[in-house]
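Take this structure first; my questions come after.
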Amino acid sequence: MPPGMNKMTNSNKKIKAGILGASGYTGAEAMRLLLRHPNVEIAFLTADRKAGQPVEEVYPHLGGYGLPDMVSVEEAGWASVDVVFCGLPHGTTQEIIASLPGSVKVVDLSADFRIEDPATYAEWYGHEHRALHLQKEAVYGLTELNRKAIASARLVACPGCYPTAALLSLLPLVSRGLIDADDLVIDAKSGVTGAGRGLKQNTLFSEAGEGLSPYSIAKHRHAPEIEQEVAKAIGRSAGDVRVNFVPHLVPMSRGELITAHVRLTAGKTVADLRAAFDAAYNGEPFIRPLGEGAIPHTQMVRGSNNCVINVFADRIPGRATVIAAIDNLVKGSSGQAVQNMNLMFGLEETLGLEQAPLFP
Amino acid sequence: MPPGMNKMTNSNKKIKAGILGASGYTGAEAMRLLLRHPNVEIAFLTADRKAGQPVEEVYPHLGGYGLPDMVSVEEAGWASVDVVFCGLPHGTTQEIIASLPGSVKVVDLSADFRIEDPATYAEWYGHEHRALHLQKEAVYGLTELNRKAIASARLVACPGCYPTAALLSLLPLVSRGLIDADDLVIDAKSGVTGAGRGLKQNTLFSEAGEGLSPYSIAKHRHAPEIEQEVAKAIGRSAGDVRVNFVPHLVPMSRGELITAHVRLTAGKTVADLRAAFDAAYNGEPFIRPLGEGAIPHTQMVRGSNNCVINVFADRIPGRATVIAAIDNLVKGSSGQAVQNMNLMFGLEETLGLEQAPLFP
Amino acid sequence: MPPGMNKMTNSNKKIKAGILGASGYTGAEAMRLLLRHPNVEIAFLTADRKAGQPVEEVYPHLGGYGLPDMVSVEEAGWASVDVVFCGLPHGTTQEIIASLPGSVKVVDLSADFRIEDPATYAEWYGHEHRALHLQKEAVYGLTELNRKAIASARLVACPGCYPTAALLSLLPLVSRGLIDADDLVIDAKSGVTGAGRGLKQNTLFSEAGEGLSPYSIAKHRHAPEIEQEVAKAIGRSAGDVRVNFVPHLVPMSRGELITAHVRLTAGKTVADLRAAFDAAYNGEPFIRPLGEGAIPHTQMVRGSNNCVINVFADRIPGRATVIAAIDNLVKGSSGQAVQNMNLMFGLEETLGLEQAPLFP
Amino acid sequence: MPPGMNKMTNSNKKIKAGILGASGYTGAEAMRLLLRHPNVEIAFLTADRKAGQPVEEVYPHLGGYGLPDMVSVEEAGWASVDVVFCGLPHGTTQEIIASLPGSVKVVDLSADFRIEDPATYAEWYGHEHRALHLQKEAVYGLTELNRKAIASARLVACPGCYPTAALLSLLPLVSRGLIDADDLVIDAKSGVTGAGRGLKQNTLFSEAGEGLSPYSIAKHRHAPEIEQEVAKAIGRSAGDVRVNFVPHLVPMSRGELITAHVRLTAGKTVADLRAAFDAAYNGEPFIRPLGEGAIPHTQMVRGSNNCVINVFADRIPGRATVIAAIDNLVKGSSGQAVQNMNLMFGLEETLGLEQAPLFP
């Protein structure tokens, strides 16, 4: 039994959590979830450019909940917390996490510890990794498929939003040898929050609205992350797998959908794929393989930590289409982070994540 | 201590609730809130045209939560429930509620018991009232301003979405004599869910999207409801107050905003209005008067039972602008209904309603 | 010189056009374009359920332009027109067109004459074809790739919106042997107008908004149409080609984007594909292959008859991604129809279609 | 006959136009309209921060039309143009326009020459006016109500988007003494393009979407502009009229709607107001008073220079509601600018503006 478990079951002592980068969307979503988590108390919120501001100036919807004012990273009281959620930009994250006391657990929402191979990291992120010793102990936080390692980790690197949906769709299939890992076409679609709260012309309402835009075609940083995990699942070395990955910006705030066009291994059928999902996700609280013919869409999961998934025959013989939908800010980010924190502290995995989806 | 309190605190016996008209948006929202309410168990869901269907065919986002299948009203097990939430069309509601056993409490989301004067009801709803004896015992369910009567009622008529926001904005001011009740201009804006899930051309995505449409100008059924409550608050007879009320359909799913343009009583100031809000809503869990200058907007309350409110000086001397925002499906409908149910059963008023707003 | 040319250049005699099914979105778009066409006069508009209504009751934005009132199909004055645009449901179209005088040219926007093989038609549309003799003379109206036949046709079957974008993307490549016709993955995305103005729950604002939904996976009627034209382009018999086709409903009114994931023929490169587009569309007024790296998006073409197109290397060696964007109601429907009419009457092909895209 | 008329009718000499500030939305809209204007040639486009870029990098939808590259203001060839459209920020505009050769006509889209009283200008815009001599000759460009002065002006100050809709709604009524100029409540709603293309957090898709936000309550710079014109229309001195003006940001890109709540002069009726609109706008090509009961909405005018308008009885006796809708980027900005240019050069007023609205 992990030590956290003892701590939690004894009386009402709460986990003290800090949120780094609380002014971004993932930070706000972590606040939203944690302020209703029965075993967590938010100890501090950092947001360098907003330091000194009350939460309601940064996020008016969170006013009135008694959250602490924003502080700078320098002012953060590390000694007072059990865990930090880190939503800082890549690079910065590495330096700050490296400076933390070893007693503080880290749930990292950035990309900083997702890529195991230093050369691949440097190639895609444009600089050498600044905390390679930590990279070695980091655990990839795709909860359902890496639960055991997460439970005992100090530093969990939560997957990117696209990799979360893509890997939940593909890993049960490639690991069972049901589909061809060298012919994975991942057509991905995301709501605009996926691009963050920073000011960019293409995410203005009048630019992103009433339209659909592919972007970063074959150049998105989530591609090597997907390739790494697919390679691991089938026992190949990283770099030996290449996937097609084409993301599209959709005029909605939240939601992410993966349409994976796959080739079946000779002799395998769509029914085999469905059975694999049922087996892989049996009993999972958040992953829901749908009944035959039911099509996942993002409105089924908005605001929740749920993932819906299904598989369909293709018109081309020997091919299939796998579809999964998540809320990019919840299961694709802060929700999965809270789920991982629950695991790391020996708590019921669903705590703080019980909200049903918001529809319409 | 109300009797409900005893019932609830003793062991884990849960309130059994039925939802009538569960296939509409208010019904779905009642499901969403009640399935996470710690003291409530959903006993049945009626939806005549969907009878026999599992919830996930009617509302895919609510699949997997173990909710019962839809049944027809005739199949509803009245004897098994403590309370029904009624989201049926007007007229129908009266007949069904009249047929219920007296032991069942009723939280009515329809318009059927909101209008006290039978002639006014007939004028606006096009038919004679069919359950006048029940109308007499019905309590108007604007929680914060009618709490005591609601707590002991058997039948609560929840206000319309617009009247909720309008009356929370205006009653504290007219009842204190701070503004002129004969010069109330209520410019109202609502998201498209306010029009319900029925199929209408003007609520199609391509008709309602990318545009703004006023509707029912000076003819909306919520006008007499607002007038009735304003008249009562200042001791006039119903029909002695006339308000301007112009609603607009906004291309968003949820959210409602009232911009009330009011005339100050001679000698009164905007500061007096602000003080009135602070006094009226001091300690309220869901109503939040904002600090001077902070402007309410609907994104501050989405998915929550919250109401944000503020008042601003007008450029015309002696006038002011009062603004309030709610989520029309929560505080404007099913959330307030759950709040009222909590009161009627002696429960903590916030149970099942603790979710923070969802933003973005 | 086609006879139409003479007719047009002589004095100011205008082509008289009737629109069948004018209450649908394609009908409205035909009105919008034709009422500004210098050589066309709209003679009648049919809309059975709206017969007798002025245009502005059916389409308020078209009030004030002097358009005729809606009539029933029975009241249409066939003798008075040179051409009809037909936006009726499939099946109905066949019967009405079969009954027209031979002097009237027909630009059909329905699916009725797109499928050449009667068995395929019956399989996908659920009934035997009712005007096979006309099917034989019908010309497939993909303007840029079938211009000559269109110019001399009496009956043009305009392509579906998806096939328009898909075939403009794929035909220049398969016909030149640059990509594998047996490995075409067409991931398609459309705005909500693609589903028409009929009342359906899934196209309500609150259902389609803030979300993304795949639909008709591997079962969409546009798939056999794409397969037919691809097969013809490479000299195979219909039914010998199968394509993947997965459409998605996007929360925007207009716009359509095709992301085609293709496999290069051995030895061919992305540069070869780009060269093929440049060759195929050199001098075309509406088709614009973009410069290397520029990504097509639907906001580039809204309200216009334009198509933007480009090709990108895939991460998987030997694969590429082709992307094309159109406005589904213009190039994907009524705009291409007007373009075809111009050809059929020997007019300048761009007449009535010169509007620049509307952005934002 | 104005001199411009001669110039235009003689042969095919075209007006040469420059656009200052072409990278903003009003600049883009001026390009869209002018590139299809039969008598205009676009000579240069300035955009300081984009100088050197082709149009399609700044506005991809305008690629392929042969427009000139962006240049800096310093590089603009003043000698070569007959007219400039100026979409620069206030203040800057004054300096640049003051430096222009007297032969160049100016259609100013900025706020710089709208306010006649220097003190009022300084109060609202935060600095002294820098070209008072030009202010004196500037003509307020509300076309329908100031046509004669515009036709002979060199410098036309086009109204703000809100004042355009508000004054078209109110001036015919106050000038005829039909309503009380001291009780004008103007509840205004605008699409997000009204806030421009600059990067601001509140106009990000995920901030402005799915929500409604009032802003600049009683502090918007369009208020003094409306007051000035109302005062002039009734022969009062500027500063003697105060109006209520509360704008709201609506989650749509284009469109503006004014809901004006007005008090009738004793003895006047809604029918009198309707008659005033019919009289004022009889024969106007772009202003359309609707039939009794028909409600203006923004989808009726999108992309066009049209304004729809109507008046409704209020529930409060002696009051009425006037509603007008325009496209803020066309009639509210660049469309009205082109209309004014047509007048200034003696052209048919509708040239370049004949497009029907785009719906859906």
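Labels for the chains are A, B, C and D, by order of writing; each one numbers its residues from 1.
Following the convention adopted for this analysis, a contact is a pair of C-beta atoms (placed from the backbone, for glycine too) under 8 Å apart; a residue touches a chain by one contact, two chains touch by 3 or more.
Computed from a predicted model, the values in this text were never measured in an experiment.
Shared contact partners of chain A and chain D, listed by label: B, C. Interface comparison, B-D against B-C: more C-beta pairs in contact at B-D.
Rotation relating chain C to chain D, from a C-alpha superposition: 180°, rounded in steps of 5.
For the pair chain C and chain D, the distance between C-alpha centroids works out to 36 Å. If each chain is reduced to the centroid of its CA atoms, chain B and chain D end up 40 Å from each other.
Once the centre of each chain is set as its mean CA position, chain B and chain C turn out to be 46 Å apart.
Touching two or more other chains at once are residues 25, 191, 193, 206-207, 209-210, 251-254, 297, 299, 302, 360 of chain D.
Interface of chain A with chain C (complex): residues 182-185, 187, 189, 191, 206-207, 209-215, 217-218, 223, 242-246, 248, 250-255, 257, 259, 261, 295-299, 302, 312-317, 319, 321, 323, 325, 360.
Within the complex formed with chain B, the chain C residues making contact are 25, 191-193, 197, 199-201, 203-210, 251-253.
Per the touch definition, chain D reaches chain C in the complex via residues 25, 28, 32, 35-36, 56, 59-65, 193, 209-210, 253-254, 288, 290, 294, 297, 299-304, 306, 354-360.
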